[in-house]
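The two complexes that follow have subunit A in common; it is paired with subunit B in the first and with subunit C in the second.
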Partner chain A sequence: MRIKTATGDRIFGIVNGTFFCILALLCLLPLVNVLAVSFSSSTAASAGIVTLWPVNFTLKSYQYAIAKPEFVRSFTVSVVRLLLGVGINMVLTIVCAYPLSKDRKAFGARGFYVWFFFITMIFSGGLIPWYMTIQTLGLGNSIWALILPGAVPVFNVILLLNFYRSLPVQLEESAYMDGAGAWQALWKIVVPLSTPALATIALFSAVGHWNSWFDGLVLMSDPKNYPLQSYLQTVVVSRDMTLYQHATKEQLEMLQSVSDRTTKAAQIFIATLPILLAYPFLQRYFVKGLTLGGVKG
Partner chain B sequence: MNKFFVALLATAFLAGLGAQTKAALVAYDPAITITTVKSLPDGIAFVNGDDINNNVWTRFYDGKLGIKGKVLWAVPQAQFDQKMNLAIAANDLPDIIPATLQQFKQLVDNGVAMDMTAVFKDNLSPLAKQMFDLDKGVALSQATVKGRLYGIPQLAGNTDSPQLIWIRADWLKKLGLNPPKTIDDLEKIATAFKTRDPDGNGAADTFGLAVNKDLFGGISDIEGFLNGYHGYSGDNDWIKTASGQIAYGAIQPEVKAGLARLQKFYKDGLLDPEFIVKDTSKVNESIVSGKVGIVFGQHFLPFWPLQDAKNADNSADWRPYPIVSADGKPAQPITGGSAAVIYVINKKCKNPEAAVRLLNAYYSKDLPLSADFDDSFHKIDATKDRAQVPVFQYAFVQGWHPQQNLFIHQGVRDYFNGKQTDKSKMIFWVKDNTEQCEAALKGDKSKWCALMWSGPDGAFSVIDKYWAGNQVKVSAYVGASTETMVAKMSTLNKMKLETFTKIILGQPITEFDKFVDNWKKLGGDQITKEVNAAAN
Partner chain C sequence: MRQSLKRQVPYHLMLLPGVVILLIFSYGPMVGMVMAFQKFNPVLGFFRSPWVGFDNFVYVSLLPDTLQVLWNTVFIAFWKIVIGFGFPIVVALFMNELQNMAFKRTVQTIVYLPHFLSWVILGGIMIDILSPSTGIVNTAMKAVGMKPVFFLALPDVFPWTLIVSDVWKEFGFTTVIYLAALTGIDPALYEAAKIDGAGRWRCMLNVTLPSILPTIVLMGVLSLGNVLNAGFEQVFNLYSPVVYSSGDILDTFVYRLGLLDAQYGVAAVVGLFKSAVSFVFIVVSYRLAYKLANYSIF
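Moving on, here comes the complex of A and B:
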């Protein structure tokens, strides 16, 4: 039997589809433009004639970016930060969320601890106390300054906590029946069952680590230790021309080289690449409902 | 001007200064430690295992001056403001604090800045003093609050900033036009650039005058145009009125007349109809793609964006011309302060005179006019990664010859007109520029910018004429920001920008009078009072 669709539904479908296509294009086209500029000659780019397809195709700006010591160095810093940061975030999120997901009977002080964490989400000490604390702890200018202050992402803890609670209790109970302790139940039963949630928060924390630039700028006392986005900010930020009012020729020649749009575009594109690649890889975890079929009858 | 320099060169510098500068480099014994922070300019690099705490300058400080330098943090120039503001807020500051003019005022107000009046005077070397004398006290007045000197200005000079008109000379030639002498001429040229198809592509796709949405800022701005009406409306432009009082430039009737004319330009389609949404880099696209033929701006335009225009189209022959007047009275370009950075000495510093000694050392090693000049303190030539490493940027305290760029131009010009053609007698700066200009004349397109900058017909040939003709106006107040200025000026500037934009877009010119009233009421009168008090 064919299901008849009402005209209203069809119109809604079309309008809806068009709306989201436009939205998707709005997000996609700027990226395509950056890509096109990065492959164009710098003359074409500065004349503003590059739109969605490279003009005078060249790989020059990529060769330049890859050979640039600052770029390579900060890329490495970012990769290290990502691996360390996401690893620490995930372990701490998991072990934090698990006890907090238990009910009052199992964990008496639960209410207190949930608020203890939650309150830091709403109130923060502010920029200057934050800066002074990290400096006083002696973390300044080290990679740990970028990782430890945000080691427990409370928002992610709350996400995961709620996910744990949605898991059937029987699964854990069966583990306890077979002689598992809390530790084993967590790592052998709960964690494998929560891969969709873990993938989501891993992605959050990876994107967060990869994209943050302000902490790098403020906490590193040597640009050598900049993560990639802090470095990129110095590249793309628009220059205050009043500084060039009394510039010497050497400074002006530098102005010329830093204003090159194609190398900016190439660096921006290389920097977005890891995240672009991570999405499709993690996506398969989002769709599967792993808990289905775990409890029978 | 020129004779003045020759005299200086011949007498003071080459004769007796060598011995004196050496005497000024006294060493601390035992050695002391001085901390600072550094803003790293674009293009700085470290080679041969050097870093910001171990390089040609720090080794020199350590070995010859007994000063162990320590950089607490370094940050790329583009991010310096932000980082420094945080450091000031957290009171996490070194001995020598390189501050912007706003930060300088903050550091004085919160009591961090040491009074350097006597220390500066007593320790300055004769060579460094010469430089400050050449600046005629402008930079020092910027670092002076209530008659006391609260820092060492990084002397850069105010010679360079007068506005020029840059015009496509090839378009002028093609359409049989002469360079402008008056604003009327400028209108004629702009009209011809719009209507007579100067690029010969058969389409009406060109316009006359490039302006960006911020209206000011040294490139594609309207300051030079308003100067033609004897109006001065930059954010820091102050003028002396007939009564001898200091008044804000942007609220004067001359500015109103200039804006009315710009409004007409816009109505006639001589400006980019979309200028209100175009920032500098968008405007540069029009310039590079050959859509526009006139732009007001400062000396640095050949490097950016005009060199790109030359690369895109070899026939694009942008040339500098003096600004033009709307009436019989010659137009006067305006210039302001001589320093953008002031080295504030922390009150906690036990050896404030060390900062002055560091400045003396900088002049003695980096100024080509010095008897001790050594270019290994200035740059390292071609390494694996870079054409040149600007090591002078590592120095803790810097300062320049206040008329350096003009001085370079005069040397280059004398070479090309045959007055001084012996390259072996040229000082470092001039030789470098002369060689690049020669390369450009031999057909090296990439050196075109150098030719149009210091070359015989470059930007500085016009600026040279401005100064020689006593045509430049110096802002009547260049001193430190006053209290109300810090609190209100950015709001007032925003209001100015909005009003000026509206007027250009066609709102009645009476909007200007409303703006003047509001400006006075919303803090302007108070600022004017403070400025007059500070200046006297």
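Moving on, here comes the complex of A and C:
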């Protein structure tokens, strides 16, 4: 009996292990393939013979991509956006979450503000009114159009206020006893105690800014102001729609496999690199972040 | 009393900048929805554009594409919700059975990587690997004697390309949420079950599953709010006119009507419909989440 279970266990273990090997490979191989293409010669790439290892290894595509002024410029826009955007997001998240973490006794108007914030999460004006609002304010084509509309990440505010609530109140109270005001209590006591939560939120916000592309695409009238992902959208993904209207299947195939395949792959990879570099941190803080706001009674 | 009210002044001040930002950029567009009743002209703005009553609504209801687009949206969103909900549960249950901790951690790390990449990046990758002539997927299919499939240009296949690739991008992330819930299980429960003669499957069904049930209910209920979210960023980066018949969704429809054809009022009607229906579903989902999982967001 016992031997039978042991064999069953072993078979289960092998099958299960194999399943997860395949699953992990399915997630990884597409990325590896494109990475291999980016390091291959363009003839090998257009012949479709590159699998998981570069064929005729070359750095040409990377040299070409980095030498493109548009690419460098949009990379700079992205970095500026990231620094400004994350900075502003963090300050606003920190100061908004603090009063909202108080109970009704300490802050009478809390209920009103909570609803004011919450409504923005469950209802939106939609794309066109959003676009028109930003244009009406004259923000079009300015970097502020990419930062101000999302300056208050309400979801992060909720994560952080739940974290604030888990802190021991005694520390704050003793600060008040010593004559500190709300601002001092926030910056001197609460913020230093919240560094893990703040790191999580900063990472979320950074990934969000780095990955945004649609706002840049529609709000920047001058492609010079495109952030990297918007620029990539126009060169890697977007295909000239007018060509498609009456295209035959063969023509379509042609369009999709044009020979700048390796350059596209290289650009895709450069844009992914920051995420990969941040990945160890993302991993570390990400599960923590999930449990920050977690299910509660 | 006076003292405590005075103490609340800084709280209002702290919220002020955030409130102003949200007033302008979240509540502003809500007011801007009035453009659905206007022949909107950007030069005249929200308040001086001519009012046209329900003309835009009538126009949208008469457009030949409207119903098809609505159907596409619901179809794609429905399957994304169902598969995107069920698959991670299975994965989490089986991942919990992996004995080798280093392997388990490696798998975890890999499967949620795609979640952190944008649909521009993943769209670029998909266009490359799914290409019928040079893509690795079709090369592999040809190698085993199958016919190449143009996943991004066949109207019958395209919605499933969207559904599968969306599940592919997000399942790892959702799985990790369940695994986080699993770490809280008391090992004594498993021991007790084993002493009672429960095998692996019984443990999985009677110990593991019930302990993540609250999270499962919560995730399921909250995903209800997405019935009209077929995934704008994904579709926008993968679709083309040849697959409009099955792949055009409300959001891309709004984008083309409004920002490409400059029919602002008409596009706003479609947006209004989407926001209103989504609002109802989201409110219901939060109510349910509160009732079933005792979840409240604030």
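The rule is short, and it goes like this: the second predicted complex is superposed on the first by the 234 of 297 C-alpha atoms of A that agree within 3 Å, B and C clash if a C-alpha of one lies under 4 Å from a C-alpha of the other, contacts with A are read in each partner's own complex, and residues count from 1 in each chain.
Rule of thumb we're sticking to: a contact is a pair of C-beta atoms (placed from the backbone, for glycine too) under 8 Å apart; a residue touches a chain by one contact, two chains touch by 3 or more.
Quantities reported herein were computed from a predicted structural model and do not represent experimental measurements.
Enquirer: Touch test for A:69: subunit B only (first), subunit C only (second), both, or neither?
Expert: first
Enquirer: Any idea whether subunit B or subunit C touches more of subunit A?
Expert: In the superposed model, C touches more residues of subunit A.
Enquirer: Of the two partner chains, subunit B (first) and subunit C (second), which one does A:131 touch, if any: first, second, both, or neither?
Expert: Both partners.
Enquirer: Given the touch rule stated above, what does A:218 touch, subunit B (first), subunit C (second), both, or neither?
Expert: both
Enquirer: Once the structures are superposed on A, label A:53 by its partner contacts, choosing first (subunit B), second (subunit C), both or neither.
Expert: Neither partner.
Enquirer: Looking at the overlay, what does A:16 touch: subunit B (first), subunit C (second), both, or neither?
Expert: second
Enquirer: Can A:281 be said to touch subunit B (first), subunit C (second), both, or neither?
Expert: Neither partner.
Enquirer: Give one of first, second, both or neither to describe whether A:43 is in contact with subunit B, with subunit C, with both, or with none.
Expert: Touch partner of A:43: subunit B, not subunit C.
Enquirer: Under the contact definition given at the top, report the residues of subunit A touching subunit B in one complex and subunit C in the other.
Expert: On subunit A, the overlap between the subunit B and subunit C contacts is residues 46-48, 127-128, 131-132, 135, 218, 233, 237, 239, 241, 244-245, 247, 249, 252-253, 256-257.
Enquirer: For the complex, which residues does subunit A have touching subunit C?
Expert: Interface residues on subunit A, with respect to subunit C: 5, 9, 12-13, 16-17, 19-20, 23-24, 26-31, 33-34, 37, 45-48, 50-51, 92, 95-96, 98-100, 102, 106-109, 113-114, 116-118, 120-137, 148-152, 154, 157-158, 161, 181-183, 186, 207, 210-214, 218, 229, 232-233, 236-237, 239, 241, 244-245, 247, 249, 252-253, 256-257, 261, 264-265, 268, 271-272, 275, 279, 282-283, 286-287, 290-291, 293, 295-297.
Enquirer: Quick one: in the complex, what on subunit C touches subunit A?
Expert: That would be residues 4-5, 7-8, 10-12, 14-15, 17-19, 21-22, 24-33, 35, 40, 42, 45-46, 91, 94-95, 97-100, 103, 106-107, 109-111, 113-114, 116-118, 120-121, 123-129, 131-136, 139, 150, 152-153, 168, 172, 176-177, 180, 199-200, 214-215, 218, 232-233, 236-238, 240-242, 251, 254-255, 258-259, 264, 267-268, 271-272, 274-275, 279, 282-283, 286, 293-298 of subunit C.
Enquirer: Which residues of subunit B touch subunit A once you look at their complex with the stated criterion?
Expert: Touch residues, subunit B against subunit A: 40-43, 51-52, 72-79, 82-83, 86, 89-90, 92, 156-161, 217-219, 279-282, 284-286, 288-290, 298, 300, 303-305, 307-308, 311-312, 338, 340, 379, 385, 388, 390, 400, 404-405, 408, 432-433, 449-450, 453-454.
Enquirer: Please name which positions on subunit A make contact with subunit B in the complex.
Expert: 42-44, 46-49, 67, 69, 127-128, 131-132, 135, 141, 217-218, 220-223, 233-234, 237-239, 241-259
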